[in-house]
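You will see two complexes here that share subunit A, one where it goes with subunit B and one where it goes with subunit C.
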Partner chain A sequence: MSQITWKDDRALLATLQGKIATWGTILRICIEERLVYRGDFALGTLMRFLPIVTQIFLWGSIFQNVAGKIAGYTYDNIIAYYLLTMVARAFSSMPGLASGIAGEIRDGSVKKYLIQPIDMIGFLLLNRVAHKLVYYGVAIGPFALVFFLCRSFFPSAPPMETIIAFSASLFMSFLLGFFLEAAIGLIGFWFLEVSSLLFVYMLFNFFFSGHMFPLDVLPYPWNYVFEAMPLQYLAYFPAAVWLGKIEGDQLISALWIEAAWILFFIVICRVAFRRGVRRYSGFGG
Partner chain B sequence: MQSSLLGSRSLNSYNRAMETICIEGLRKTYRIYRKREGLKASIKGLFRREYRTVEAVRGIDLSVDQGEFVAFLGPNGAGKTTTLKLLSGVISPTSGTARVLGHIPWRRENAYRRRFALVMGQKNQLWWDLPAQESFRLHQQIYRIDPHDFATRRDELVDLLEVRQLLGQPVRELSLGERMKMELIAALLHSPEVLFLDEPTIGLDVVAQHNIQNFLRYYQQLKKISILLTSHYMKDVVALCNRVVIVAQGVIIHDGSLAGIVDRFSGHKVITLQFADHNLPHDLEKYGEIIEEQPPRIKLRVEKQNVTSSLGAILQRHPIEDVSVEDLPLEQVIAEMFSIARQGHPHELETSSTSDS
Partner chain C sequence: MNEVQTDTTREQIHPRPDYGRVFLTFARNSLVRDMTFRSNFIIETISSLSWMFMNLGFYLLIFSYTNVIGVATGWTQYQFFVFFATVAIVNSLVQTFFMPNAQEFSEMIRTGNLDFALLKPIDTQFLISLQKVNWSGLGNTGFALLLLVFSLGKLYSEQAGFRIYPIQMILYPFYIVCGITILYSLMIALSATSVWLGRNQSLYNFWFYITNFSRYPMEIYGGPSGDARRWIGQSLKSFFSYCIPVLLAVNVPARLLAKPLDPNNLSLALYAVFGTVVSFSVSRMFFYRALRSYRSTGS
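Coming up: the complex of A and B.
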C-alpha cells in the first residue's frame, strides 16, 4: 500500500515537473515574442506616463481654487493616489486580451487550443504574465524616476503589514483583471463581435475602478455601490491600502472578498469556455 | 459451425484492431443567420432574424484502417472540412458516433490529442513572429515529447524536407511552401498515429506541391500512419491516395479506388482516331460527341456500350492509321459528378451507380 502511495507521489511529482517545464517554455517563448517589436513596445510603455503629467496639472489648478481638502483629499493625497493607481493598473490592465480572444474565436484560430493538448485560458494567462514581466522590465526605470520626482507627495512609508497587503492586492488585481477580461472575451462564442461590449466595460472600468477619481469621494450611497463591485480592486483598492485608508479587519475581509471575486471569474471563464466550445461551429474553414 | 463462429469472431476483433477511424451515422447541422440584401433587410434583421438550418454532414458512415491514405473529395460546401473538424474534436456532432483510435474526438481528451494532428493549408499554427524552431520547442513541451525523441524526429523531418537553414528565420519571412513544410514538421513531431490534412498544398507552386507530395508519400509508407486528406488538386490525390471517398451534399457517394470512380460514374469512353489524310469524314457525329478536332486526328466521346460497335463501323468505312480507346480524364469525371451533386441530386449518383466498395 505504502509502495503504491510512493509510486503515486513519484508520478505526481513527474507530472508536476512536466507541467512546470511546459509553463517555463510557454513563458520563455511569449517573452521572446514580446521582444520582437522593440520600438512599438518602448514607445507604448513610455506613453503610459504622459497622463500622469496632465493629472498633476489638472488637480493643481483645481486645488488653486479650492482651499484645503476635497472629500478628505489634499492635493498631495490626490497625486499620491494617482501615482498608486498607475501602479495598480500596470498590474490589472489587460490591453487586447478580451478583443484578442473574441478575434481568435471569430477567425477560427481558437481551433489550435481545441486540437492541441493545451488549456487555452492557462496558456493566455502565462502569455499575459510574460507581457507583464517584459513591461515591468522596461517600465521599472521610468516608474522609479517618476516616484522619485514625486516623492514629496507621499506620506512617510507605511508599516510592513500594509506593504505586504499592498503587494497581495497588486498580485490579485492582476488575476482579477485577467479573468474578468477573459470572461468578456469568451462572450465571443455567443456574440461574435464584442467590441461594443468591451467599450462599455472600459467606460465602467475608467470611472468605477477608481482610475478617474478616488471612489470614496462619491456621496452615499454610491460609494457603497461601487465598493461592492469588483472593479474597485483594479485601481482604487491597492492605492487605498497603501495610503492607509483601509486597515485591520476591514482590510483582511476586503482581501477575502477580492479572492472570492477572482474565484467567481475563474469559474465563469471555465463555464463559458466549456459551453462556448460546445456551441462553437468552427468558423473560418 | 462452432469453428466458423469462432473464426468470424476473431476476424472481427482483428478488423477492429486494425480500424483507426470508425464513423457511424454522423450528422452535423448548423443554424445560419440568413440576411437578405440591402440596408432595409439589415435593419429588419436587428429585430427579427431569420435562420435556416444547414445540414453540413447528413449521416456519414466510414471506416479507415491503420496505414490507409484516404482522400476526401467533394465540391466546396460538401461537408469535407466539417467531417475533419468533427474527427479532430473542434466541433461536436448533432447525432451519430465516431471513434478515432478508440477515442471519441469531441471529448477532447489529452490522451487523444497527443495521438493525432491536423494540418490546415489555410491556417497557420506556428508563432508568426518567431522562428519555427521555437514553435517546435513549445510542441515538445505541450505534447510531452521525450527530449531525445524530439531531437531525433526534428532532425529527421528537417532533413527530409530540407529546411535546416530556415529553422532560425521568423515564420513571417518564410515563403508559403517553406511555411507549409514547417507546419508539417510541427504536426509530426509528436509522431501522430492519425493525420488530418486539410488542403495542404493550397496556393503552392508546382515544385512545392511536388515536394510536399513526395514527403507525405515517403513518410506515410515509413510510419504506416493513417492519413485523411482533403484537396482540390487531383494531382495530390493521384500521387498519394489508394482510396477515395467522395462526399457531396453531406453524404458519401463513392468509397473505393481512384480507378473505380471512372468505372462507376463515367458512362463514356474517349476514342481517338487518326486518319490517313486531313480530310475528316463528316458522319462521325452519329457515333458520339466530337470533343476535339485536330486533323488528321479527332476525339470522340462514345457511350461505353457502343464503343465496340461504333469502332467496328468506323474501321470498316474509313481508312484509319491509328486508334486508341481511353477512359475520360479523372478530373472531368469528378467535375461531372460534382456538378450533378451541386444541382442537389447526390442520391441520384448514389443509386445510379453500381457499387465497387
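Coming up: the complex of A and C.
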C-alpha cells in the first residue's frame, strides 16, 4: 500500500525481513527518543487527572438536587464515564501530530520522506505507536492509582464480550485518531498555516468526542448530530461500551461503522499525500 | 542583588522608559500584525467564541436537570451565569495579554533569544510579559460582558430584593484585575521554570490544570458528611484559596455581584487583596531568580 509513493523502488526489492528490520529499528529509535522525556511524561499524566477532580465535585453538587439519574446516568456512572474517557483519550489523542505534519510541510523537512525510501504516514504511525507504548509504560502507574482510588464509582466488571468490544474500540480509536489527525495535518500541502484550523478541530473534538460530557445526555436533535460524526469514537464510544450503554447488534454495527471510518481516513491520507506531494515544491538546501 | 546593581547602571545610561507608551506600541504592533492576517484573526475570534458557547451549552444542559448547583449555595442559573461570565472575562483577558507571552518566554529561554530581551533598557518582566497582545481574545471578553449584563438584568427583574450598588460596580473591576494578577503570577512563575528544566511543556500545562479549579464556585468543593469528598474538598478549597489563591481569582468578583450578601465575602475579599500582592511579589522574585540562573545557549 505504501509503495505507491516511493520514489526509490529499491525498497520494493528488499525482503520482508529487511523491511521488518527497518521498521523495528525506527520503532526502537522512537522509543528511545521518547524515553528521554519520561519525567515530563509521568508528571503530565498525573496532571491530566486534575480536571477529573473538579468534575467529581461539580457533578457531586449537581446530583445533590437530582434524585436518581440524569439521562440514564447515576452520579457514579458519570464519574466512571469521565475516567473511562481518559482511557479512551490515552489511545485516541495524538498531540502534535497534525501540527507536526503541517510544520514539516511548511519548513520543507517533508523532503526527507520524499528522498528516502520511507513512507511518511507509515513512519509517523510507528513513531506514534512508540510514543503510545512509552506513554502506557509510564502512565500505567498514575492510571492504576487513580482507578484504584475511584474504584467505588465503577459498577461490577462487565461480561467478557463487553471487555473484548471495549478493547477493540480502544484499538480502533487509536487508528481513527491517528488517520483523522494525519489527514488534517496533510491539509498543510494546500494551506501553509493550519493552526487556526487545528484549533477549531480541537474544539469540536473536545465537545463531540464526548470528553466534556456523555453525548447521550444531549436532547433530541443533537444526539443525531454526534452519532453521524466519527469523533464520538474517540472518547464517548469506548466509555459507553464499558458502561453497557451500547449493547448487542447496536454494538456490532457501531464497531463496523468505526472500522469504515478508519478505512475512509486511511484512503483520505493516501490520496492527500499523493496529491500533496505532486503540488509540493521545495527550494534550496 | 545583582539585578539591582544592573538596574542602577542602566538608569545612569538610559532614562527611565515611558512604560505606558511602550505598552501602547506593543499593542499597536500586535494589532497591525493581527490585521495583516485578518482571516486568521476572524477564525481565532470565532473559535474562541464557539468554545464559550459550548461551555454555555453544557451549563444550560445542567440547568435543564437542576435549578441550583449544590444545596442552598445560591448558585441558581443566572447567578451561575454571572460566575461563568466572570470566569470568561478573567480568562479572556489573561489570554489576550499574557498567554502568548508566557509561551514565547519558555521558547526564548530554550533558543537563547532571551539575550535580546535582557539587553533592552527596560524592566525585563514587563517586556517579556506584555510584548504581544492577542487581540482576538477580546471577542470573548465582549461576549462575557453581554452575558454578565443580561444575567444581572434577569436577576434584577426576577429575584426579589436583588440590587446592584455603585460600590459593587467599583469593586468588581478592581477584583477582576486582582484575579488576572493572581493567574498571571502563577503563569509567569511556571514558565520561568524552563530556565532550569529546559523543556517544560508539562509545567506550562500545569497552569491550565490548576486554574481549572478556579472555574467553579468554591461551594462545590465539599461533600456529604462521612464521605471522603468532604475533607478532600475542604483541603482543596483551603489550599487553592490561601496557598495558591487561584480559587479567589474568579470567586471573589463573581460573589460580589451574584451573592453580595454572603457572610464570607468580606474576609475573602480582604484576603484576595493580600493574596494578589503576595502572588505578584513572589512571582517577580521567582522570575528574577530564574533570570540569574539563565545561561544563554551560546550560539
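Everything below uses one rule, namely that the second predicted complex is superposed on the first by the 266 of 285 C-alpha atoms of A that agree within 3 Å, B and C clash if a C-alpha of one lies under 4 Å from a C-alpha of the other, contacts with A are read in each partner's own complex, and residues count from 1 in each chain.
Here is the rule we use: a contact is a pair of C-beta atoms (placed from the backbone, for glycine too) under 8 Å apart; a residue touches a chain by one contact, two chains touch by 3 or more.
Source: prediction; values computed, not measured.
**Q** Let me test your reading of the model: by the given contact rule, A:Q64 touches which partner, first (subunit B), second (subunit C), both or neither?
**A** It touches subunit C, and subunit B stays clear.
**Q** Quick check on the superposed pair: does A:L50 touch subunit B, subunit C, both, or neither? Answer first, second, both or neither.
**A** In the superposition, A:L50 contacts subunit C only.
**Q** Have a look at where A:R278 lands relative to subunit B and subunit C in the superposition and call it first, second, both or neither.
**A** A:R278: touches subunit B, not subunit C.
**Q** First (subunit B), second (subunit C), both or neither: which does A:Q116 touch?
**A** The first partner, subunit B, only.
**Q** Who does A:F207 touch here: subunit B (first), subunit C (second), both, or neither?
**A** second
**Q** If we overlay the two complexes on their shared chain A, which of subunit B and subunit C does A:I164 touch? Say first, second, both or neither.
**A** A:I164 contacts neither subunit B nor subunit C.
**Q** Quick one: classify A:I26 as touching subunit B (first), subunit C (second), both or neither.
**A** A:I26: touches subunit B, not subunit C.
**Q** When the two structures are overlaid on chain A, which partner does A:I140 contact: first (subunit B), second (subunit C), both, or neither?
**A** The answer is neither, since A:I140 touches no partner chain.
**Q** With both structures fitted on chain A, tell me whether subunit B or subunit C touches more of subunit A's residues.
**A** Of subunit B and subunit C, C contacts more residues of subunit A.
**Q** Looking at A:L218, would you say it contacts subunit B, subunit C, both, or neither? Reply first, second, both or neither.
**A** second
**Q** Indicate the residue numbers of subunit A shared between its subunit B interface and its subunit C interface, in ascending order.
**A** Residues 37, which sit in both footprints.
**Q** Along subunit C, where are the residues that touch subunit A in the complex?
**A** Touching subunit A: residues 37, 40, 43-44, 47, 50-51, 54, 58, 61-62, 64-71, 73, 199-203, 205-206, 209-210, 212-213, 215-216, 219-223, 229, 233, 236 of subunit C.
**Q** Touching residues of subunit A toward subunit C in the complex: what are they?
**A** Contact set of subunit A toward subunit C: 37, 40, 43-44, 47-48, 50-51, 53-54, 56-58, 60-62, 64-66, 70, 193, 196-197, 199-200, 203, 206-207, 212-213, 217-219.
**Q** Write out the stretch or stretches of subunit A touching subunit B in their complex.
**A** Residues in contact with subunit B: 18, 21-22, 25-26, 29, 32-33, 36-37, 108-109, 111-112, 114-118, 278, 280-282, 284-285.
**Q** Which of the residues in subunit B come into contact with subunit A in the complex?
**A** 30, 81-82, 85, 88-92, 108, 110, 113-114, 117-118, 120, 122-123, 125, 127, 129-130, 134-135, 137-144, 170, 198
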